[in-house]
Amino acid sequence: MADKNVCPTFESTAMPRTLRVTIWNEFIHERQHAAVQVLYPNGIHAVLDEALSRLLGESVQTRVATLDQEEHGLTYETLTETDVLTWWGHAAHDRVEDEIVDRVQQRVLNGMGLVALHSAHASKIFRRLMGTTCMLRWREAAERERVWLVDPSHPIVDGLTDEYFEIEQTEMYGEHFDIPPPDELFAISWFEGGEVFRSGCTWRRGKGKVAYFSPGHETFPIYHNPNVQRIIANAVRWAAPSGSLYLGKGRNIAQPLGPIAAKHVVDEGLHRAK
Amino acid sequence: MADKNVCPTFESTAMPRTLRVTIWNEFIHERQHAAVQVLYPNGIHAVLDEALSRLLGESVQTRVATLDQEEHGLTYETLTETDVLTWWGHAAHDRVEDEIVDRVQQRVLNGMGLVALHSAHASKIFRRLMGTTCMLRWREAAERERVWLVDPSHPIVDGLTDEYFEIEQTEMYGEHFDIPPPDELFAISWFEGGEVFRSGCTWRRGKGKVAYFSPGHETFPIYHNPNVQRIIANAVRWAAPSGSLYLGKGRNIAQPLGPIAAKHVVDEGLHRAK
Amino acid sequence: MADKNVCPTFESTAMPRTLRVTIWNEFIHERQHAAVQVLYPNGIHAVLDEALSRLLGESVQTRVATLDQEEHGLTYETLTETDVLTWWGHAAHDRVEDEIVDRVQQRVLNGMGLVALHSAHASKIFRRLMGTTCMLRWREAAERERVWLVDPSHPIVDGLTDEYFEIEQTEMYGEHFDIPPPDELFAISWFEGGEVFRSGCTWRRGKGKVAYFSPGHETFPIYHNPNVQRIIANAVRWAAPSGSLYLGKGRNIAQPLGPIAAKHVVDEGLHRAK
Amino acid sequence: MADKNVCPTFESTAMPRTLRVTIWNEFIHERQHAAVQVLYPNGIHAVLDEALSRLLGESVQTRVATLDQEEHGLTYETLTETDVLTWWGHAAHDRVEDEIVDRVQQRVLNGMGLVALHSAHASKIFRRLMGTTCMLRWREAAERERVWLVDPSHPIVDGLTDEYFEIEQTEMYGEHFDIPPPDELFAISWFEGGEVFRSGCTWRRGKGKVAYFSPGHETFPIYHNPNVQRIIANAVRWAAPSGSLYLGKGRNIAQPLGPIAAKHVVDEGLHRAK
């Protein structure tokens, strides 16, 4: 992995005073389809930006980045100044450069949070961090979705005031969802047409936290839904960098921390193939 | 379970402005043994109280409760006003009344955090929540313990500045530790005499969060150790109530949320044994 | 816990040549209600017995036990000769003696598998092992249930040939299901009336394995369903005793496994309260 | 991913009568260094092959494959006929072709078990499946390792007759080990020089099971150790294909499984970027 991809780990382990959030959007559908423009005239990122700023207030500082920008707007500098990255992509996952994916992955391992939204299940970065296909069943039939909160103790569902909430018209995402068993499962969705889906999941990768939340689609006003906005805002806060010193690289510790009885001379040359 | 044991669930799901912490201590060794008095002249609870107040500042409001108080200091009122309970016991687990254990368990299920410390692994409340014996190997030989942080992303290790820290003289707690597999494992201890131990663990029970941290003993000054204090303070903050509405009780939902094709008349009498 | 409740741990750690299964049934509804008798004329246990014997063949040896037998049919001797226990109860959980619950719990911790079926979610033994209320929403409206298999790699779903299977008429069990996060989640159910449910879960407790599977009800012929029978048979096989030496009790290891630098004299008297 | 890399999923979901195991070895050190030749004259794979055949008998059929063979001995045909793959590599991870890594990953997702041994923590295939660096501390000082079994119920520790076993001289692998939190943790190692390590872990990826076991090194006779051999044999058996139908690919389910109220016409063209 090129050095310029290795953004530094977080030096201070305490949560930063202001959480720096970068909202990434593929930003294609909104510019090509009238039906999407009506719902998201300035892009899905604009709606997310407004919601995060409103719900998290001064504790957060947002910026947006899109596919068509140089380095997809995810330069070394931008990522170094990002605590949590949200990701929305759908039609052009393959246009995201592998080098940028390397860089984002490294940054996550070094502590940056990642909140993957809806069709980001198939993004390169999410699949890279999961190690699986992340594929699923889907159907776009404007059916009803009922999002059940199955971990009422989780900070990501803070402030939700019922056991479930509804989305009147949604795209169905259904099981089997080919993900590693989530470390935490906070939501399961019911679909009118007959499927279920693990719609709210978290994982830890390196020093970074990863959340996935499926509700949200370009042809439905789901990102205007207050419960959906609240969960995404909570997920951003949950994914904030935290924890202890992280080195995240292999290293030889020649000197033991305490005495070792055996006398042993290592032939280090042996560890390299000729 | 008697009604007076059912403390209410947290009405507001957002984290309370000030975290109300109750520090529970068996408080026996400190009054009976000179060797312990030297280290903890006012009780282990006093040292924990000072540390939490110093490290968490105005975000926390503490009180203490001990075994010899009426209802062990854990009245319905006290628990209703407690967001997080820390527990230290060792010599008199069996003197804790079952009715109080019921009440604390119910309160945890309703959202109160529990931080179980050292020999609290064998307390009634911890075993009740775990469902196992929670037994382990032990040895008091003033050996060295090295606490390795195996989840550098976890908020409970916030601010720790190395991959491990040392405790010069400790009581050994060793595997096999008969606990359910922890939801999260943040620390593993190495002992000079040859054992290892899952020394930092978390679980979720109902709406409540439970943390266990083993370093700490009455005949060693471990609760004066800054790293130990920091982890306990972080654990208290982590265990704070959070999440969504919680009912935590069974109930019949006679009306479906959507249409059901079958016509079916339930004979509810059938569900009760004659 | 009384000594006679402590059934021995499994001496041989290899899976026994023949798996000894005890099928426990409350056996009340089947004797009191004509509607249930039609479906389960000889009791639910008889249907399970036939299914396990047919599907597992000579690898299994079954016996049945019921609430009205002496010690509920779960004597020390019977449990000592049981590798896996299946549990069905509904109307009379409170009639199961605490002493028997203690004994079964101890046996599970010592390695016996437990397969909890349907309304056994509210049994004393299941709640004891979980530490939570295990409560849920329910509705009996003969609605359709679709059981989605969300872990296609799990041995408990061996041989299932589709991504889901259907139960035409079922009792609904819905979230929030107040259980500890399962170690493994292999099935999620969709209900016609609008709920979802984590219908297939596993946990480890001590040396024993615990599975819960919700489909199954006394007023529907669900235990005659081939997919349900297959999953229960797989669960029995999965829950078979396995693993390494298990002691499951605390003990003082006075002699370290290696040298300790400090010279320390322990005042063992200190560890007992006066 | 090229079609020829997509080995088929397992058609029969039941465990094959004979488990087909491929033992992969980098096979470099054994041909270059006299010190290694003394311990493993025919290669590490030969010792593993003998042990698996001896311990698993007729239930297993083994073959070996090495880096220098065409396609590293992992042709489409070989993988299609492999149920479990064991992997040992150290000095030449980067010489493994990415196309072969793709193929092995796909085969694991389709149900093949993978048992990663010792320095395979840094192999391309293991890192690919984990999504993290998988890096760690290490030291070669011939120190003592004590492998503690922390999940006595796990089939991978079947037949182990103590709470731990020792390896007299080992290479130290220490925390922090940059892996995703394991789904199951069955062993933690203690090292004389002061470190601990999660030495026995499992994960699920797609329909495949992955185990990692760290003890084993080319300059120590660790693969001759009976406990190590037993655990590897158990891991192979545990990683055998099992479970239900697996499709593992995204697909549009145009027809719902039940009625949907809304009338909705999908503009499928919208889902493709122009």
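Letters A, B, C and D mark the chains as written, and numbering starts fresh at 1 in each.
What we mean here is this: a contact is a pair of C-beta atoms (placed from the backbone, for glycine too) under 8 Å apart; a residue touches a chain by one contact, two chains touch by 3 or more.
Small disclaimer: the values here were computed from a predicted structure and weren't measured.
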item: Those chains which touch chain B and also touch chain A; value: C, D
item: C-D or B-D - the one linked by more C-beta pairs in contact; value: C-D
item: Farthest-lying chain, centroid of Cα atoms versus that of chain C; value: A
item: Size of the rotation, in steps of 5 degrees, that lays the CA trace of chain B over chain C; value: 180
item: Gap in Å, rounded to a whole number, between the CA centres of chain C and chain B; value: 27
item: Distance between the centres, which are taken as Cα means, of chain D and chain B, whole angstrom; value: 37
item: Rounded Å distance between chain C and chain D, as computed from the means of their C-alpha atoms; value: 31
item: Junction residues of chain D, two or more chains touched; value: 137, 144, 146, 149, 151-152, 163, 174, 176, 181, 183-184, 192, 194-195, 204, 206, 246-247, 257-258
item: Of all residues in chain C, those that touch chain A in their complex; value: 146, 148-152, 163-164, 174-177, 181, 184-185, 188-191, 194-196, 198
item: Complex contacts: residues of chain C adjacent to chain B; value: 28-29, 32-33, 35-36, 90-92, 95, 105, 109, 122, 128-133, 135-144, 169, 172, 174, 176, 178, 180-181, 183, 192-195, 203-206, 218-219, 246-254, 256-264, 266-267, 270-274
item: Chain C contact footprint on chain D (complex, rising order); value: 13-15, 111, 144, 146, 149, 151-155, 157-163, 183-184, 192, 204, 206-209, 242-247, 257-258
